[in-house]
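Both of the next two complexes hold subunit A, though its partner changes from subunit B to subunit C.
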Partner chain A sequence: MGSGAWSTDVYRAASAYRKATGASAFAYSDGGARTVHPTLDPGGVAARESRDSTEHPQSLAVAVLFDVTGSMGGVPRTLQQKLPQLLGLLLRKGYVTDPQILFGAIGDATCDRVPLQIGQFESDNRMDDHLGNIVLEGGGGGQMMESYELAMYFMARHTSIDCHQRRGKRGYLFVIGDEMAYPKVKAREVRKIIGDDLDEDVPLRAIVDEVRRRWDTYYLMPAGSHYAGNRRILDFWRDLLGQNAVELDDLDAVCETIATTVALGEEACDLDTALADLRDVGAGDAATTVSRALARIGADRSPAVRGTLPAASGHADQVTRL
Partner chain B sequence: MNPVASSVAGDGTGRHVAVVDLGYGDAGKGTVVDWLCASGPVDAVIRFNGGGQAAHNVVLPDGRTHTFAQFGAGTFHGVPTHLSRFVVVDPLALAGEATHLAGIGVPDALDRVTVDREALLATPYHRAANQAREIARGADRHGSCGMGVGESMSYALAHPDTAPRVGDCLDEGLLRHRLRLLRDRLTAELGPLDAPPVADTVTAFTAFARRVAIVDGSWTTRLLRAGPVVFEGAQGVLLDEWHGFHPYTTWSTTTFGNVDTLLAEAGLPGAVTRLGVLRVVTPRHGPGPLVTEDPALRPEERHNGTNAWQGRFRFGHFDAVAHRYALDVTGGVDALALTHLDLVGQYRLRLCDGYDWTDRLPVGPPGDLDRQAALTAKLLASRPRYTADPEPDPDGWVAAVEAALGVPVRLTSHGPTAADKVARRAADKVARLTAAAGR
Partner chain C sequence: MTVTDAITLVMTARHPTEVFGTDQATRRYHQLARLLHPDTAGAAAPDRRATAAFLQLTELWRRHLADGRDTVTIDTGRYRYVVDRTARYTGDLADLYRHGDDRLVKVPRDPANNDLIAREATALARLAERGDARYLPYVPRVVDEFRHRDTGTGAVRQVTVLGTAAGLRSLAEVRRAYPDGVDARDAAWMWRRLLVALGFAHRAGLVHGAVLPDHVLIEPDQHGVVLVDWCYASIDATPVPALVPAYADWYPDEIRRRRSPGPGTDLAMAARCLDWLTGGRAPEPMRRFTAGCQLAALRQRPDDAWRLLAEFDDLLERLYGRRRFRPFTIPDPNHR
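Right, the complex of A and B next:
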């Protein structure tokens, strides 16, 4: 063994490069799987947990659930390529110290084989494995509706997050999709997919209110997906979530949008600073998309003290102000 | 004018910046490159010497740290790294380093590295041979890092046509053939080597080639003709293979020589601001001359402990004679970065302006190693003279170093993070940076 700082073990290196190759992170799905991977099965799960630890004393839960049905076209695959950067973006600028990220996928409980897939909260790149195990549906209801309400039900009643329980701070839930939710969480579907015995259906607005008590909830609607730009769908989500329903004109900027939203929510910085940070890490194109998507959210947040790298001098004049 | 160059060189002399250590290494190149990449748009960091044995520590304000060995020290700011053909590339250590970066929030470092196909490979066989030789030297160790970098360079000198290079990783059969040849030659010379089977090395190296972008020499030219680039040097000028104090040197050109070559090939000779890095105490890792060594100097070193191959981390007072020699052999610099100024006041730091026999070491023609060995013998018998101690505050030190070396100090470092750096150009610039750092 040499004295260099890094391991020169030949077997570990081979494994690291193979793992990092990631030609298809959706290996499970591409292998022809049509049932939920055991690690992503919401059935019989008491709770997905995000916990403080000595290593991560200030855990902050961030959940990203995306629509994997046919109407989304190539979006799920793009998300699969982009989402592994999210942890790095959150940490790189010190917006949060101990993010714990959960990925999940939403289908249509009325016709899909895999209507809900929910990973675990992870604070390292194990979350990429969950992404890789997600089954892409490809089908689609054709009714401009997917089972977002079922996913919200799970997040409302089957998650346990220390940031909220110990510190009264809500987690962040991002739902990425391009259709409307069904008007009710159906007791029958909950029983079949999650395993709870409900006496009656839960109206959509009730479950939205419930999930928002613990989760600062956002709906991101990407351009380039089937119904994107459809005002009716955006209005539907604006009616439920207000300004937290956001239209995203460039999917490449999805991680930057999520990270910036969390930074604003944590009052780690204001929008201008966050955009300058993006340019700072070479994500200048993303900054334009993010500023367009988040202008409404960032506008009413006041600047706050931030303890991170100094903003690059000379960048401020390049920031797009909306 | 590139803002990065202007920030370190006043009027500046070039669009790119080259960072070189004017001592024995460990002066803080990593933290200076990190600051440059935090301060302005930088298209790429280009490495132009050394290999996986580099250890450039960077500390972020949030406490995350990384010891950059092959990735450029601008990686935390998203700046891509290019390993030029002068770097000895260690694909195994690169994987280990990428894994650590992923764990601290940089999952895509491998996506942002390009490697010149002509670069030599450091392999487990070089490494095992390197270590076998150092062990055989016993007490007379040269201070090799045991990473096989020098072994790879010397093997390539002896066998230029069959030495394994990065591009070979794209051709499994060729790679296997060259690795076998290498292993067999080294085994014949040194006996059995403690290294994995060739087949396993081939597996790892071809996986490396599938994952990392391997480019030809025109890539460097493209980078240099586009935006500002930071050249990140490894080790220090006083360890240079030709001008260092033989035999306590490295198998690598640690001057600006390779930078000048790459710029000339791109048709941009001289388009660079040369920044020399010095530390208020002169450190040295391992054996060899250190005229001003003072066992009473024990600044806390978070990252540089004793290691089995290089031995103890030693400290001497600021050795202006040695640094003057470094400036002479490398053709001078446009500006200096002076690091570890936070130590001023904590220790009685002195500045050696002359030895008992001279205040300027003679510069010989490159390659005359007998002459260099004689100089080494002379240095090992030299005694430092401390004529006037600098005022014990940062300004006093900056003034004393500028006077002793005749070069302006354009950047000072007062702590581990980019926020602890102050550019000294004009009053307005200092004020702006101080304000930014305090935000």
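Right, the complex of A and C next:
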């Protein structure tokens, strides 16, 4: 996992091929598929892994999961067009040296056929294939809830990332959606979709707590979705994630927003520099969107103290994670 | 090394390095200080050469520290922490380094446990905010917290600076000093104070989640108790995130099953501490009392530490009559 190098040319070639053949970006879904693509099936997966390698010694895990239910309208398709640029953007800006990106999709486990789709961490064009294989639900339960909690459960218990295990850096998890989560991770759904034998439901707050141990978690609520601007939903996420619940008023700037959030987290730059970067490359509109979205995030993030600590005692850690 | 060797070494040295070396200087210093301290060396060297050497040693150590050879400076921009290069305490997952006499800088050995360090700071902040201020001495005080990025490895660690008092000993140390078990009357005050710490925490919406002998510190002279290591705390009934494997069978079922813990979780573990501390020497009614706190199902256990304290006081009065202060000392295992 996570090996290989990005080639912009290959991506362009694939994109050009799609244009030429008229195939949709969501080729798998539009081909009539109504079951999860084997590469995206969370069932029976021990862990999706992001690993250091000689090629990528400083791997940093970035996961982007988006709601693909009907309430999102045209958003999933726009995301599909925009997200392939995320890796290139992170690399070009020099914010991160070895990003490994995972894409996934969230549906509604109470009524959808494909409530959870999770790709692999990739550092090359394969992530684009995963995006292409995502099935679009288009349905949705109509109760302002989707199974975000199930996706968080997967990220909490079925991912293994070197950036955290080796360097104590949390990965970045972006959930893009426009509804609330269900109040509990249901044991029955976990059994059916992921395959773990839980003996009781897990409260939403507990799973959010758990996922945030390893993932710096953000909720992006884009314009153009059904419930955009709904205070109740934003308040719901602010209550869970605080300032990490962000409104995104222009979907075209989704990659810039994600990249800038990562850059701020990695202390690769401050918000002003990132915005200046965006304006320099002629993305002035994106800069405005990003600045509006991230003003709260940049504000109180204190930078890490740099230096050397005294040597560790060498005692083995006596901790068993539950 | 004999006392005479130590005296010669210290009195002829012209530079701290000749005495402390370049590696493990703190250990070397402690070793020499033990040998030359008037309390220990007095009998062996009645001519007071040892005392003179001890003063010289202290001076050399002061110079050594001033050289900065055995300390590391962490500059947070707001404050400079000059900490010993070697850890003063080693916890389950963190090393604690001394800064001055009353500060400990707590650093996770593995950055993967940053969340647990952060969890402790959050829990202690919650106690300071919502808890009854009268009971704050029962828990550590967070003086500062920051993230630290190692310039060499890029590892990011969450660091907490804690205030500390002198003379604290863990129940694990107490039990080692009393291999046959502690007298139930001495264990009783430790348990009463522990119940206060727990009542204080539970009222603020916290469950400690790891009430174990290593995490309960006592101050023998003043009969003080400090409940430390809040890295595993449950805040607003979230599951306890991890357990200490050496004590795996001390944990009630709800923790092992990742279920929501409650005050009864801590009370069961505290009761187990009391059983363990007295080593089965406690009178029968006290053993029945602790058994009643350790029933398998959380809802069968007591859920209010303050009420349990009142019950326990009743029991103590029936067993021992009116409360009297019993001095408690911990024999030093090195002096036996």
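The definition used in the following text is that the second predicted complex is superposed on the first by the 277 of 322 C-alpha atoms of A that agree within 3 Å, B and C clash if a C-alpha of one lies under 4 Å from a C-alpha of the other, contacts with A are read in each partner's own complex, and residues count from 1 in each chain.
As a convention for this text, a residue touches a chain if its C-beta (ideal position, glycine included) is under 8 Å from a C-beta of that chain, and two chains touch if they have at least 3 such contacts.
As the structure is a prediction and not an experimental result, all values here were calculated from the model.
**Q** Looking at A:210, would you say it contacts subunit B, subunit C, both, or neither? Reply first, second, both or neither.
**A** second
**Q** A:35 in the overlay: touching subunit B, subunit C, both, or neither? Say first, second, both or neither.
**A** Neither partner.
**Q** Under the stated touch criterion, which partner chain does A:243 make contact with: subunit B (first), subunit C (second), both, or neither?
**A** So A:243 meets neither subunit B nor subunit C here.
**Q** Counting only touches as set out at the top, which of subunit B and subunit C does A:164 meet: first, second, both, neither?
**A** In the superposed model, A:164 contacts subunit C only, not subunit B.
**Q** One more residue to check, A:53. First (subunit B), second (subunit C), both or neither?
**A** neither
**Q** Which partner chains sit in contact with A:88 here, subunit B, subunit C, both or neither? Use first/second/both/neither.
**A** After superposing on A, A:88 lies in contact with subunit B but is clear of subunit C.
**Q** Output the subunit A positions appearing in both contact lists, the one against subunit B and the one against subunit C.
**A** 306-313
**Q** Can you list the residues on subunit C that touch subunit A in the complex?
**A** 72-77, 83-87, 90, 92-93, 95, 97, 107-116, 146-159, 236, 238-246, 248, 255-260
**Q** Which stretch or stretches of subunit A touch subunit C in the complex?
**A** It is residues 58, 164-170, 199-200, 202-203, 205-206, 209-210, 212-214, 267, 302-313, 315, 317-322 of subunit A that touch subunit C.
**Q** In their shared complex, at which residues does subunit A touch subunit B?
**A** Residue list for subunit A touching subunit B: 2-14, 16-18, 20-21, 84-85, 87-88, 90-92, 94, 97, 124-125, 128, 280-283, 306-314.
**Q** Along subunit B, where are the residues that touch subunit A in the complex?
**A** Residue positions touching the partner: 3, 38-41, 52-53, 55, 60-62, 64, 67, 69, 76-79, 90-100, 102-108, 110, 124, 127, 130-131, 145-148, 196, 200-201, 203-204, 207-208, 210-211, 307-310, 418-419, 432-433, 436-437, 439.
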